[in-house]
Amino acid sequence: MDALIVIFITGLISLFVGMLKKPYLTLGIIASGLVLSFCLQMNYGNYTSIFSKYDNLYFNITQLYFSEMAIGFTLLLVLGGFQYFKQDIEHTSDYLSLLLFSLCGAICLIGFTDLFMFFLGLEILSIPIYVMVGIKKQDVLSAEASLKYFFTGSFATAILLFGIALLYGATASFNLATIQEAIQSGSYSEPMLLIALLFIIAAFLFKVGAVPFHFWGPDVYQGAPDIVMAFMATVVKLAAVFAFLKLYAGTFQFLSEFWTGALNIAIILSLFLGYLSALRQTSFKRMLAYSSISNTGFALFALLTTSPSSAGSLWVFLVAYGCATIALVTISMIIHNVDDKIAAFKGIGYKNPFIGFVMIMSLLSLSGIPPLSGFFGKFLLLSNAINDHLYLVILALVSSAIGAFLYLRMIVLSLAKETENTVEKYPISILQYIVLGVCTVGLLGGWLIIIL
Amino acid sequence: MTIDSIVLILIALPLIGALVNGTIGKKLPNIVVGTIATSVMLASFICAVLVFSQFQKTQLIHLFSLLKLDGFQLNARFQIDALSIWMTMIVTGIGTLIHLFSMGYMSHDKGYYKFFTYLNLFIFAMLLLVLGSNYFVLFFGWEGVGICSYLLIGFHFSDLEKGISNSIAARKAFIMNRIGDAGLLFGLFLILAQFGTLEYLDLARLTGPGHGVAQTMLIGITLCLFLAATGKSAQIPLFTWLPDAMAGPTPVSALIHAATMVTAGIYLVVRSNFLFELAPFTKDIILYIGLATSLVAAFIALRQNDIKKVLAYSTVSQLGLMFVALGMGAYTVAIFHVTTHAFFKALLFLGSGSVIHAMSDEQDIRKMGGLAKKLPITHATFLIGTLAISGFPLLSGFYSKDEILGHALAANPLLYGILMVSVAMTSIYMFRMYFLVFFGSFRGGEKAASHLHESPLIMTLPLMILAILSVFGGILNLPGLFLHSGAHWLNDFLSANTAGLNLLLAEHLAASTTLILMFVASAMTLLILIWAYINYAKKQKLALADEELHGWQLWSNKKLYIDELYALVFVKPIEFIGTLFYSNFDIKVLAKGVYSFAQLFSKLGGVTRKWQNGVLSSYLFWMLIGLISLISYYFIKLQVWNF
Amino acid sequence: MTAELINWILGGLSIGSALMVVFSKHPIRSVLYLIVTFFLVSGLYIMMNAQFLAIVNIIVYAGAIMVLFLFVLMLLNLNKATEPKTPLLVMLSSVGAAGIFVLVLIAALKDSFIQKSGQVAGNLNAGMVENLGELLFKKYIVPFEISSILFIASMVGAVLLAKREKPIID
Amino acid sequence: MNPTTTNLSASIEFYILLSCVLFTIGALGVLVRRNMIVLLMCIELMLNAVNLLLVAFSTYYGQGDAQIFVFFIIVVAAAEATVGLSILIMAYRNNKSTDVGLFKTLKD
Amino acid sequence: MELLILPFVFGILSFIIPSSWSRTFGLIGAASSLLVALFHLSGFEPQTVRTIFDPNRTFPLGLSFKMGFDALGLVMILLTNGIVLLVLLSNWNREIAKNKLFTALVFLMQFGLLGVFTAQDGILFYIFWEFTLLPIFLILYWFGAKDNNPTLFKFFIYTLVGSLAMLAALIVLGSFSSSYSYEDLRQVSLPAGYACWIMSGFLLAFAIKIPLFPFHTWQPATYSSAPMAGTMLLSALMLKMALFGMIKWMLPLTSEGLECMRWPVIILGSIGIVYGALIAIKQNDIKKIFAYASISHLGLIAAGIMLYTTSAMQGAMIQIINHSLISVGLFLAADILENRTGTRKINELGGIAKLAPHYGFWFAVIVFAGLSVPFTAGFIGEFILIKEMFSFHMIIGIVAATTLVLGAVYMLRGYQVSMFGAPKLTEFQDLKWNETFVFVALTILILVIGLSSNCIIDFLEPSLSNYQVTLK
């Protein structure tokens, strides 16, 4: 709660500071605000917040971990994307504070205890993104992406709201605990509740970008600026998946027998459709978008089991996925891949070993090769689910083989000895070094958290 | 010195010789290399004689345990008994002589040291083969001699003209031997499965009276062993390698492909006599195969024009005779023939080597003639060899062949008749060759004529020694008819000291019958001699050129087309299958299958990508469809799951 | 009974005007029909004793938002029926899908509220301002405050996007 | 103790039905219309259907919470409309049209 | 632990050092690893398991991260360290050795392999198993033939698919156990329906890696496009991982599934023996000959392991060691051909034995070792294996024994056509010192193992019989 307020206020301050047109100052404020909120979340249990009597937001250890991840990713993205935002010196602070506002939404979405906060969080998360997708105003693609995202998003919101309304109708409450109680005690209107669950699933599948509600994904990712795309793939997805997990594996867990079937189908479709469509992509962001669909499929495995460890597994997986995505996007920005071509990565790894190393690590982690975090994430998720969903796990492994091919192609490309790019040396700012370094650490050692 | 250590020295000496020559031989002068090799052989022979003289009863020399697995143990262990010591003497004795001969014969060769290394190695392997106390050690030696044979056949692998064909011949020999080896291996496995041991003595004990082993098992074992024997001893169906193996230097042909290695098959059967005796069926097979081989090889030899090829087929034919003896259960007779055959065949080969040496590596008998004057010693010794092999009275071959014939008559007159045909053909082709080579006028042209010379003493000395042995070798096992006190010495020697060999009834026939047989055989040989002399020496009826042949002569000359048949039946199909598998199955089915499986995903990706058509309305539409399907899911779920 | 009748009339009319929103060619008419729909829905709210929301609905939706819509329409000079005709196939499939959707939805929900025990009628005046005020500023104060973030964000966003300028960013 | 008869002037099924239909009409509008502004309006229509449902439930249960939720929905709808319209304006500036069918550059 | 840390540290350091040092550095590293391994050998009790890393607790989801080795593991460790040294040595005079990346990758490969051989935890085993894929992939990619991407992709994806199957099997297996540690997994008794599937999961991974017919299609192409070091590492060590995995992991842990998988594997192995050999007979590319020969040889070993008798596994171990040694030799020989003449087509070569007698000699020695002639390690190994197969089923034994004959055909053909006959070249540089050294070392090892196989068999006996499970 405190962190949320700190972030919001930081955003506000930076909006005003932005008028001074001193981007580094803005960056400093934002970074320190994020760090502060990060620390606040870290020490959440150690002090009593003055807001603690308001229980609309509540953070236990799991939620803290996830919110810290969200803050951390945002920080990385702010640092990594600064170079990019700085180009438009007029609005640097606007962009950055929009990201922060979106982060507020993400934190609401992680900490919600009732559907009010859930809905508001979702909207706060989304609306700045609708805007951010379209900030390349001259670019037709950017506008189109923004448009598509907005309309599909609003449509999904309407579906979600309808589901929430039915849910309320069925259980007469917006509070998760009460709803859970009602479900447990059986005092609810049955068809309405079940339909409500399905509507909400649909909305969630849209938000996390799973089949068959994934259509916005590739188009929007491709049209969006790199850094916004990374934000969507990491923070937005993280918050949405976690909320999904919380609602379904938590509140609705007693109906899991009902909804897992629907989810299974969505997972299978996502796993395969994502990687399959990505196979022959030439556009880098589009490829990432498709692969993110499949990765979502993996992430949704966390919902299939109600065991307490599934959140931890999801965390590891998302850390791996987020770090890899951020690293890749940062690299794409470093090589100034304006045309958004996969071919632009040719030979950069050989030319610049550091980039190459980070790139290989990210891609390998995405394809689930041990001992990187990606492997452990997948491994934990799958082994949680194996008892009840053996076939699903096997299908997931099959799809991960397809995925491996996809990533391997990029690995090979980036390690080629010859290059298409004539640039002698890529300018890497210190911030980008930091981002890449942190990502690599996350990829290599993120899984160690399970040992602790 | 105890017998144990002598035997070990005996075995080790050739190995040491090989190691010394192999490592530093290249830097030593040829004469030193040759001396080393020959002297270790000589020493080894002396050891063998020592062992022979001190030998009293069967003895085992245990070295170490080679392999200990659950259920069985394989030992490096040697067995000294009459059979092994006798074979050792033959191997080392003939070996020494041939080493000596090689010192002269190979003197101009660049690979002099290599040659002697291989020869010594061969002897070592051969000694392992004959001295081992179990089939495993025998198998070691068995494979070892195969390799040495391969190396020596292909010795002149880099020859400009014949290099490739030499090495192909070597490969053929090796592969055919390998087939036999596989048979031996199966035999071993069957024995192991049945008896749990490979030791001869244990096996002999276990197959004693009341053994209770199934007949089929025994037949299986013995057939496997016999398959091995056909490989090594060049019997039908695996005999075609031996004539090709003549690509090796002539001393090699003499040592390996006439005197020692090829008799390993005989040795194996004799060694396993206790098994074969229990499997009459196999014995019959051996008999028929031996007979057939003998006839076929003799027939082919009739119209061969390569001096070494004739001898090679003659070897095959003689080996067939030995197998006939084995098939009849006349083990000692077979060994006797092995012994005499070793003498006169080594002599013949060395003689032919001497001829070839003189002819500057020309081997076609159509280009020779009238060499008797130029090569007197060779001629004389060659004559003795020819007479011996033809069964000229009182020479060694006469006795050993006669024993076989005698047994054949006792077994079945028809068998005797067929054998007589084979023997007659032997005489015919041997005399044909002899007369063509040494009589008449020289047909090799001026240039070759000027080079003709008698070989040096180092080459003729072994010839002479072998000639003496060929003449008097028969004394070893005289029929009772001649010298009662010394009769059947070898027979007794072997039977007494080798477990199981005394199964054979020594003398089947009455003395008079024996006498008649001898007479018939002698008469036939003499007749053929005269006929051949008239035909080839007097009338100068020369061998025909290849293209003039027709009828049976052509078939004989073309080796009954067996090589072609094998190529058609085995080699071509295998190569065809190999190519077929590779180009059609491996590439087109498997590799392509995997590839198209991967392609399938790519194609599927193409399909799923079509879905993403970029139109917002369609996205929304599909979302609605998704929603509808979810609600339908509700209905379906409600049907199967009521709550 | 009268109340029920009014409900039915209001409901029927709202469906009708909603259909007109969808199917009128002219965007301006759509806006107007939408406003009508909002009014009708507000009427239903009143029937349900939710006076506060009825008013809010009219003020915010019909008043503010729809004016904004009209404003944009005018701003962009879109007040003529320039919209190309939707292809028949799309039309048919969409209508079909929507039809199926509403059918399955209603089919699924038709068995709802076959009475479950233990549900109590709550406050009759739940929809009154004082009651809602209590709730909003006590129980739901945090969401209320948090919604300010939403407004800030959308404000900044709207300004950012709608501002006519040459951005340097590519 | 049947809440249906206590608080609502019509049966709850009526409201459910009505909002389902309104929701569907909104959805249909989103599907068939190509003018972005109309699309936006249709979405507002869908939200309205939800509002109606929530209010009905609120009255049905005699709880104010749902009406507060409706209040928030209206808030969000306003915010969304603002952002939506600004996106629309931006898109219009790029394409000189409000036809969503023209935006199909991004595809496979 | 130093066993693993050493190559890892050397690997990392190799990235940093200047390229000119990399050769020496590589040798030092490999030699010291070997020394460490030998140090472990001295005083090793064959019936014990030496734990080298044990965090002494179980982590979430049953990860234990235990590491250790028994006699089998130690033999594999020694083999690995020895072969790595030989690989580095054989590359000494090649361009590739002067690249520090190469040295680093070889060390990382070694690290991964040692991890595989010492893992006492299922997941750790998998981790290292997959880890090895990376260095080898990079070696193949950077130092292999140009435009070999499709081949490499096939290799990578193919083996990855197998590994994923193994992962699935491991996870399922782990779900029956309290942790993934080896001891705990051994305790599991699998329900009837599962065992077969779990085993086939493992088997797919191993069958692809070995490679068993018909999963071999990646292999010949990969071998022929790979640099010498890559081929050596692949065939001498990486394939052995799979066989090791079969002995240590698959069979003991899922022995309940043996009944249903035994025959298929044995039959596939037997088909592989004949199939590989038949194809090798007609190949013209010398590396492909050896590649298909490898399929043939390893089919025999794999089928032998599936017999699941102590003797068969002892034979298999001997043969594993032998195959590692001869494949280093054979591929070195093949590479010398390619390196000196620029072609691997044997029909374009000939008479080389005359131009380069030393080379011809040592090549022949390795070829004969490959034919399992007496006194070489292969003789004992093949003898035991064929014997066990023969006593398992006669037909299988006969099929297995065809390797004796067909092996002779393709090996001798490959050797003879390239080395014998009239020389087609004018010049052929004979062996360099490092190549001679490798050949001599290999020959000595092959002979020593051939003669002292009893020691190795005795050494391995306790651990191998420990892997035997009384079948239910």
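We just call them A, B, C, D and E in the order they show up, numbering each chain from 1.
Keep this in mind: a contact is a pair of C-beta atoms (placed from the backbone, for glycine too) under 8 Å apart; a residue touches a chain by one contact, two chains touch by 3 or more.
Just so it is clear, the model here is predicted, and its values are computed rather than measured.
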Shortest walk length in steps over touching chains, chain B through to chain D: 1
Per-chain Cα centre nearest the global Cα centre, belonging to chain: E
From chain D, the most remote chain by mean C-alpha position: B
Pair joined by more contacting C-beta pairs (B-C or A-C): A-C
Distance between chain centroids, defined by C-alpha means - chain A, chain E (Å): 42
For chain C paired with chain E, centre-to-centre distance based on mean C-alpha positions, whole Å: 70
Distance between the centres, which are taken as Cα means, of chain E and chain D, whole angstrom: 66
Inter-chain centre distance, chain C versus chain D - centres from mean C-alpha coordinates, in Å: 4
Residues of chain E engaged with two or more neighbouring chains: 157
For chain B, residues that touch 2 or more chains besides their own: 598, 609, 612, 614, 616-617, 620-621, 624-625, 627, 631, 634
For chain C, residues contacting two or more additional chains: 90, 94, 97-98, 101, 105, 108-110, 112-113, 119, 140, 143, 147, 150, 153-154, 157-158, 160-161
Which pairs of chains touch, using the document's own definition: A-B, A-C, A-D, A-E, B-C, B-D, B-E, C-D
Touch list for chain C against partner chain B, complex: 90, 93-94, 97-98, 100-101, 104-105, 107-108
Contact set on chain C toward chain D in their complex: 3-4, 6-8, 11, 14-15, 18-19, 21-22, 27, 30-31, 34, 37-38, 41, 44-45, 47-50, 52-53, 56-57, 60-61, 64-65, 68-69, 72-73, 75-76, 78, 82-84, 86, 90-91, 94-95, 97-98, 101-102, 105-106, 109-110, 112-113, 115, 119-124, 126-127, 131-132, 134-136, 139-140, 143, 147, 150-151, 153-155, 157-162, 164
Chain A partner contacts - residues on chain E that touch it in the complex: 59-61, 63, 123, 126-128, 130-131, 133-134, 138, 141-142, 149, 152-153, 156-157, 160-161, 164-165, 167-168, 171-172, 174-175
Interfacial residue positions of chain A with respect to chain E in the complex: 309, 312, 364, 367, 369-371, 375, 379-380, 382-384, 386-387, 390, 393-394, 397-398, 400-401, 404-405, 408-409, 412, 415, 417, 450-451
In the complex, chain B residues that touch chain C: 617, 621, 624-625, 627-628, 631-632, 634-635
